[in-house]
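Report on the following structure.
So that you can tell them apart, the chains are marked A, B, C and D in the order they are listed, and the count of residues begins at 1 in each.
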Amino acid sequence: MRKTVGIEEAVAKIPDGARLMIGGFMGVGTPMRLIDEIVRQQKTNLTVIANDTARPGVGIGKLIAARLVRRVVVSHIGTNPETQRQMIAGDIDVELVPQGSLAEKIRAGGYGLGGVLTPTGVGTAVEQGKQTVTVGGKIFLVELPVRAEFALINARRADHLGNLTYALTARNFNPLMAMAADTVVAEPQEIVPVGAIAPDDVATPSVLVDYLITRKH
Amino acid sequence: MRKTVGIEEAVAKIPDGARLMIGGFMGVGTPMRLIDEIVRQQKTNLTVIANDTARPGVGIGKLIAARLVRRVVVSHIGTNPETQRQMIAGDIDVELVPQGSLAEKIRAGGYGLGGVLTPTGVGTAVEQGKQTVTVGGKIFLVELPVRAEFALINARRADHLGNLTYALTARNFNPLMAMAADTVVAEPQEIVPVGAIAPDDVATPSVLVDYLITRKH
Amino acid sequence: MDDKTLIARRVALELQPGYLVNLGIGLPTLVASHVPPDAHIFFQSENGIVGMQAVPEDGLESEDLTDAAGRPISALPGAATFDSAMSFGLIRGGHLDVTVLGGLQVDNDGHLANWMVPGSLVPGMGGAMDLVSGARRVIVAMTHTAKGEPKIVAKCALPLTSIRRVDLIVTELAVIEPIEGGLLLKERAPGVDLATIEAATATRLIICGDVPEMPVR
Amino acid sequence: MDDKTLIARRVALELQPGYLVNLGIGLPTLVASHVPPDAHIFFQSENGIVGMQAVPEDGLESEDLTDAAGRPISALPGAATFDSAMSFGLIRGGHLDVTVLGGLQVDNDGHLANWMVPGSLVPGMGGAMDLVSGARRVIVAMTHTAKGEPKIVAKCALPLTSIRRVDLIVTELAVIEPIEGGLLLKERAPGVDLATIEAATATRLIICGDVPEMPVR
């Protein structure tokens, strides 16, 4: 039942070649200590599912710069020239997914759906290789669920059980990813006693969280 | 920009024959004043989309007892013998939808999805008349989106702009329905000034709410 | 010990620390009373809570906090509340470790029927179809017979709840595990012999060696 | 007045009180500065906020509150924050009244291309495909030409963002409305004649009677 774990021990659980979801949007709401520790432990050949690769030197951008990532599934790489360079050099595979579709794909993975039907991408390059379904005369793409082995989550607060809250726009993909991975590791900015987060304020229930990073090693 | 409206005026906007979503689960989280006023104004021939028809004399059960409802789309009617009687007599059409599918159908209606793929109901009576899609060798039902003309929402608090919070298990279908109707009418237990609900605590953003029922006429 | 208590006690032994568990209405609800208070089991109710608990005394009920039957409950410290989509995301997404449901019939394929009797009882499926389709482990807790008629049959005559094979059947006579190829008799109730179980069952039971008595705490 | 300011001011006139509006990165972002403070317009950012506002002064930034470009923002009283799925539910579900986006090309069918240039620039679509597919009204705010080359063309050579016809194109030379059958020239910039507009456009513009000058506040 004990979920608290030091940062070294948490990252040691991630094997090379792992498939990771990482919360955050341009680095905001990204678990920075986990990123730094992955770089320190030099986990290689990673697949990263995230909104973006942020900027060079920021958040997921550090994993890119350290050349630890073999494949990314993201909505854009426009803000990180290093990702673009590695893509052109053939060192990193980039799968671009419309941001709203990415959110629904991750949600579908966590919610046990076989997929969702979305109008986004119909008739564009995004349609390639995808099933379409016609509903009421309108064409929709079938966007399939996405899951990962690990979700690395940034939270504003956690209680000792692992209930999580998020702050402002640092929420973004974090609560969705916390549903969609085999193992969920949360890096809260603050840990508070059970009861300090009211039931209505919990965004991610404790039962979803496997490990909670403590403040120190 | 003014959204506040008296209960009589709000209900007067609902025509006979309207298609209504009504929040609540066995009456908990159901907008009780709106229900009472619909009975008082004798709106007839209604279609009600909701989790259930509660119990006789409670919540949506009052609309059933007053014989104002022609059709319900619900996950169960087992707790309301009056609904069952009217169904057997042919006075009310009952469409039964698995509860989780109902939640996703309403969400799809509000989120602009063409539908979702769910394993629930495959190979059962629920499959009848539905498209199936095979993903990774597994069969899923295509559950189509549902929308309504009006969503009648019970909220714990509203601010003057219409931002809403919900309380405990009174939340249930309310935030989903607030996305999925042409006109959203909220009946809050309490109205507070703008700023009294923090951004992270808003469950339904004000832009979704058309009318806010005031305390008095 | 009466039949229902026996069933509830035996089912309680299936619940392990840290589990997320949903108990259906009726007999399954009794299981909660037979779980040790220090068992660290999280009970979910599909109307939107993890961490539900019995109301400790009269007068402490909240009208915004009930179980799926609309009865007042309380909440453990560290409970979380959420909307119906999230609630069924937990169920359908494989986050629910166990669901315990009542049954009208279970058949040789491990298929459960528990939501309607054509021509007489049409309560609706509520959350049952989602629970059976989505929970990691489905336990059926029911009396072995109804008005003398066996409920464990070769082929369900009643409409199925799901085509997913349930994982365990617990009755006042026996514990039975549906497996590939049939129903394996795992345990018999204290003092009950095999002939009694077989006489009350309308299909062949697979018996492998000695069938021990149920452990009951 | 420089070109970008002219475009932003003209677009601002399209925004009405109570509107929910999403402004794309770059030129569209400027529109917010040209909306009167009492206009009651709610700006959404797809990373999860309704009610965003410019940071009033240095030193008041929060690292948990940024726009979709990762730049610090502030929030109006009554703002709401939420996850990425909800954010795109607002966008795709038709709750967003207007999106203002930049463009690389727009063609005779009103199709927009704005997310990649094969062989050179592959930034990714971010939220653009969802915005164009889902917003009630899509306004393209862009310079009329790039390096002397017309951006308004007969047929987009660049990959499309969506097959949905955009609703309005605002450039430093003209306001153009894509309609069934082509591009209708609605307004010309102050002091710009029709010949100048036509020379800078690589497709035929439909002209109905007198073309008035843009109103600019």
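Descriptive notes on the structure:
Throughout what follows, a residue touches a chain if its C-beta (ideal position, glycine included) is under 8 Å from a C-beta of that chain, and two chains touch if they have at least 3 such contacts.
Keep in mind that what you see is a predicted model, and the values were worked out from it rather than measured.
In terms of the stated touch criterion, the partners common to subunit A and subunit D are B, listed by label.
Note on connectivity: the fewest steps through touching chains from subunit C to subunit D is 2.
Farthest chain from subunit C (centres taken as the mean of C-alpha atoms): D. The mean-CA centres of subunit B and subunit D are about 35 angstrom from one another, to the nearest whole unit. We define each chain's centre as the mean of its Cα atoms; on that basis subunit B and subunit C are separated by 29 Å. Centre-to-centre, using mean CA coordinates, subunit A is 32 Å away from subunit B. Multi-chain contact residues of subunit B (touching two or more other chains) are listed as 104, 107, 112-113, 118-119, 166-168, 171, 199-200. The residues of subunit C that reach two or more other chains are 49, 75, 81-82, 85, 88, 91-92, 134, listed in rising order.
With chains as nodes and touching pairs as edges, the resulting graph is of another kind, matching none of line, ring, star or complete.
Here the chains touching each other pair up as A-B, A-C, A-D, B-C, B-D.
Of all the residues in subunit B, the ones that touch subunit C in their complex are 25-29, 51-52, 54-55, 74-79, 84, 87, 94, 96, 98-104, 107, 118-126, 156, 166-176, 203.
Subunit A meets subunit C in the complex at residues 1, 107, 109-113, 159-161, 163, 179-180, 194-195, 199-200, 202, 205-208.
The touching residues of subunit C, when paired with subunit A in their complex, are 17-18, 20, 40, 42, 49-51, 75, 77-82, 85, 88-95, 134. The part of subunit D that touches subunit A in the complex is made up of residues 45-49, 62-66, 68-70, 75, 81-85, 87-88, 91-92, 122-130, 133-134, 159-164. Only residues 104, 108, 112-119, 131, 133, 135, 138, 140, 142, 144, 165-168, 171, 199-201 of subunit A touch subunit B when the two sit together in their complex.
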